[in-house]
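You will see two complexes here that share subunit A, one where it goes with subunit B and one where it goes with subunit C.
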Partner chain A sequence: MARRRRPLIIAGGISALVLALVLLLPLALVVAAAFAPSESLGISSEQWIAGAGAGRAFRYVLQTYGTHLITSAQVALAAGAIALLLGAPAGTALAMAERRRGARALETLLTLPLGVPGIAAAIALLSAFPGRGGALGLLVVGHVLYTLPYATRTVGETARASRLGPLLDAARTLGAGRVQRVRFVLWPALRRALGSAALVALAVSWGEFNVTFLLATPSRGTFPTALYLSYTTNSFPVAAAATTIMLAGLVPLVLLALALGHRPEQGA
Partner chain B sequence: MRIAFERLRVDVPGHRALDDVDGVVESGSVTAVIGPSGAGKSSLLNVIAGLVRPDAGRVRFDGDDVTASPPERRRLGVVFQDLRLFDFLSGRDNVAFAPRVAGLSADEQRRRVDDALALVRADAFAARPARVLSGGERQRIALARAIAMAPRALLLDEPFAALDAELRRRLRDELRALIRTLGATALLVTHDRDDAFALASRFIVLRDGRVEQAGDAATLYGTPASAFVATLLGEATLLPIEERRDGKARVRGEWIEATGNGARVLLRPEALALADAGSDGGWPATIVDARFAGGSWRVVARLADATELVVHALHMPSDASVIVRPPARAHSVD
Partner chain C sequence: MLAAFVWPLARLAVSAFLPPRDATGDDARAGIVRLFADSYDRRALAHSVALSLAVALASVAICLPAAIALARGRFAGRAILRGVFALPLSLSGVVVGFLAVAMLGNAGALPSLLHLPSLAGSAYGLGGLAVAYLYFEIPRATLTMETALAAVDDGLLEAARTLGASPWQVARWVFWPLCAPAMRAAFAVTFAASLGSFGVALIVAARFPILPVELYRAFTGTLDDSLAAAMALVIAVVAALVLALGRRSGR
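Moving on, here comes the complex of A and B:
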């Protein structure tokens, strides 16, 4: 049986490798370009950056778009926290009430923003809060629209898979009160999912561009909007440096979220 | 502890799970709630455990009304059909859960856990994470977890459903011995008559959310109130009564002393006997199937009109043509 499967495994491995190369090679080229010699920096403003060497493009990005980076971090932390605070209880409650009428419909409703184009969501937000374009709060609300469904689903799926409702019932029959059920059952069963949901929410917010593009102003935007600006106004090595900084924030979050999501719960 | 439930009614959307259900589990006894899937067995267990609030009726523990009492205050050791072990804990920590949330001292917790693990012979593997334990090991941990809380009664919901036949038989015997040792009051919910007969002395038969019959196991087996109870509790053939006279019933020409007022006599396989063809009395039949069932033969004999009777015979007849002898006395049901 194993021998018969071998060609299939080899073919699958090759496909995965080709896919990874197609996806990762362009990114690797962009990252490599960020470390290109400083002579390749183009327009005059880029020449004003002091110093020389491969780090020059990075210094330019940090100096020019540093405020965007800080805004991105603020928005991601706020949107991630709100998504977790709202999404975790919602996901848990929906998973535990999955047989109740309307639970599935409500869950679908919560994931609806993922299907709405960012531009439409942004215009809706600007219409609802006129004159608030560029406000940090509005950026956070825009990002919560897209991070909340991920947090809800991540926690909800784990609650469903670990059969949290029946476990909590078992804890009740064993004498556990409300606080003890949260401490000894809910928390250990969901803690990895909560961590994973927080990281996914941070990653989604960190990379969010569509809704932010319309909500941002030249003076206040997130780093992806700076990335857009760098690709449209700067030389390629500078844009590549901005992309590398973007990836440096994103990749660890995604890897950590994946690691948490795939590791089974350990003994408490 | 004596458990009593009175006129219980539980409605779920589009369905009445329990309808006017009464019953008693006497202190120190094991009562089996038996019935097919959807009969309301698990609903009844959930009501007694406090996990489902009945729409009507009362649950009493030693006479006290506990209907409104939450499960965490009832101190019942529940072994669920799906066990519901906490997979993020070790087997031992699962067993320690109830003593821990009860706020017992560390020494008392350890003593309770050690005793419970020893009783179910789970000490050897209890340190391992619950998620890596085998089906039988998980079963023992679930049982130890229920015992470690020093419950007032045990509630067992299809406790052997997920086990293979051999392990099921072994654990059933062990549980029987354990319940005797503890002198526990227990309610067993099962659809399996072998489990029910092995563990319980009293039965409550549920059908479509209602009590079909309740009583001691031997009475229900021998004098069931209906064909449903008769076939639920064992193999049975029901033959129509042709005539009744002086407490006797004529069935296919044979006169049998008949109890009950039903229109059919209940013939259990062990009450029938096989004789050589040509013998006096009885019903001529042809053997259409026979298999050795360990200790006796399970023989299917077909009568002239194609009615089939199951007979448990100590010896396999040498010829396919036989006489099936009815018992001198049989119970009748509708």
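Moving on, here comes the complex of A and C:
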């Protein structure tokens, strides 16, 4: 019967290939445009800042939006670290307390933000903490709302699949101390999941726009808010270069996370 | 999570039902009342729901064959295909909006590549917005259905075959009912994502109102916190309801 299902699989495979090419085409064109010689694309007042010649668009982006790049790195590291520090224990504990009613409720609470659009969450945050727009702390809080659920889920899934409860019980009855149980049972079982959770959290934070946009100010925001400024004010080659820089940070994170078995997702 | 999310969300819900600050006369009604009384806002809500509905249905229909192949097929390059599908999922709406303008804007690349000048500027219409939404919903629908379909038990199909069912019968009476929950789950996830999406519309500056952009305008332009809260509440509640329905039928 596997033979008979083949036409469907072949048709589906071809459709997947076509869709994948269609998805890649715009990205390829934009990256190519970022490296195209600027003379052929026309030069605007941006030349006063970045001069002419090769790499002009990239120089312009780094000079104009460099602070956004730094803020983005700070927020991503902070939001990733907090997500990992809170999410890894939470995911492990929830996986081990699976059968208790409170665990279900807590898990629902932790993954709640994934169902709420970023712009709604941003407005809720701003009305609860008025006058904090542009504050680094509020940006981090906004990002943690979306990195924490992924970190909790990533670690929790692995903890559940590797049946940590019985393993830890066995280690304890065999006389392993607390440190030994963490070192020889927990750490080997969750090592990959922790790496995966960190990558997913970094990728989600690096690309996040919907929450950040309203929490940021023009001078203080993450790189995707600089992308917005670039899309609305700069020439096409500069906007393409800014997009390319964003992708250069994002693509390795996404591919590494996939290699470890998880994929980041962004609210659109 | 309680302090950073549930409490702000609760405050948001309350302010949707309270009159806005510093308002008089007709403007002094609660945001949630004005949202449904004002014909422009009602139209934005209807646009948003219709657009999300169309995009979610289209992406589920377009992606089912690809999802079946990725989930059930054994061919080289599946991991690469999955990687390509995963990439747009981690792009935010503004980037997709920029890609839409770059491809289908007034000076977009597609019209000249395809020798179809009539496509120029189509990014700014309803069709262009739908195409841009499909860019992030196609991977979402494909990978959601793939995950669900990969879990389908081969034994069920095998049993139907050994009982003498024809390939068509197996597909119609065994595989299709098993696909249905995967499709419902993918529909729910894509619908909710489209409903809350505002990055695309923000960049292409679409010619007609949709709710998330009106929300942004109410919040930053007219400083109508109550109306913005009401819009955010409606989006969050509808998205949560659809997601909950999709999850229930997915089990």
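In this text, the second predicted complex is superposed on the first by the 242 of 268 C-alpha atoms of A that agree within 3 Å, B and C clash if a C-alpha of one lies under 4 Å from a C-alpha of the other, contacts with A are read in each partner's own complex, and residues count from 1 in each chain.
Heads up, the rule we're going with is that contacts are C-beta pairs under 8 Å (C-beta built on N, C-alpha and C of every residue); 3 or more make two chains touch, one makes a residue touch a chain.
Not measured: the values here are computed from a predicted model.
**Q** Classify the contacts of A:161 with the two partner chains as first (subunit B alone), second (subunit C alone), both, or neither.
**A** In the superposition, A:161 contacts neither subunit B nor subunit C.
**Q** Between subunit B and subunit C, whom does A:144 touch in the aligned arrangement: first, second, both, or neither?
**A** After superposition on chain A, A:144 lies in contact with subunit C alone.
**Q** Classify the contacts of A:228 with the two partner chains as first (subunit B alone), second (subunit C alone), both, or neither.
**A** The second partner, subunit C, only.
**Q** According to the contact criterion defined above, which of subunit B and subunit C contacts more residues of subunit A?
**A** It is C that touches the greater number of subunit A residues.
**Q** Touching A:136 in the superposition: subunit B (first), subunit C (second), both, neither?
**A** In the superposition, A:136 contacts neither subunit B nor subunit C.
**Q** Once chain A of both complexes is superposed, is A:85 in touch with subunit B (first), subunit C (second), both, or neither?
**A** In the superposition, A:85 touches no partner, neither subunit B nor subunit C.
**Q** Which of the two partners, first being subunit B and second being subunit C, lies in contact with A:189: first, second, both, or neither?
**A** first
**Q** What is the contact status of A:70 with respect to subunit B (first) and subunit C (second): first, second, both, or neither?
**A** A:70: touches no partner chain.
**Q** For A:128 in the superposed arrangement: first (subunit B), second (subunit C), both or neither?
**A** second
**Q** Quick one: classify A:177 as touching subunit B (first), subunit C (second), both or neither.
**A** Only subunit B; A:177 stays clear of subunit C.
**Q** Counting contacts the way the document defines them, which residues of subunit A are shared by the two interfaces, the one with subunit B and the one with subunit C?
**A** 264-268
**Q** Applying the document's contact rule, which stretches of subunit C touch subunit A when the two form their complex?
**A** On the subunit C side, the touching residues are 1-2, 4-9, 11-12, 15, 62-63, 65-70, 72-73, 75, 81-99, 101-103, 107, 109, 133, 135-136, 138-140, 142-143, 157-158, 161, 167, 170-171, 192-200, 202-203, 212, 215-216, 219-220, 225, 228-229, 232-233, 235-236, 239-240, 243.
**Q** Taking the touch rule as given, give the residues of subunit A at its contact with subunit B in the complex, in rising order.
**A** Residue positions touching the partner: 101, 162-163, 166-167, 169-177, 180, 184-185, 188-189, 264-268.
**Q** List the residues on subunit B that touch subunit A in their complex, please.
**A** Against subunit A, subunit B makes touches at 13, 49-51, 70-72, 74-78, 80, 82, 84, 86-90, 93, 97-98, 100-102, 129, 131, 145, 149.
**Q** Can you list the residues on subunit A that touch subunit C in the complex?
**A** 1, 4-5, 8-13, 15-17, 19-20, 23-27, 29-30, 33, 109-110, 112-113, 115-121, 123-125, 127-129, 141, 144-145, 148, 203-204, 207-210, 213-214, 224, 227-228, 231-232, 236, 239-240, 243, 246, 250-251, 253-255, 258, 263-268
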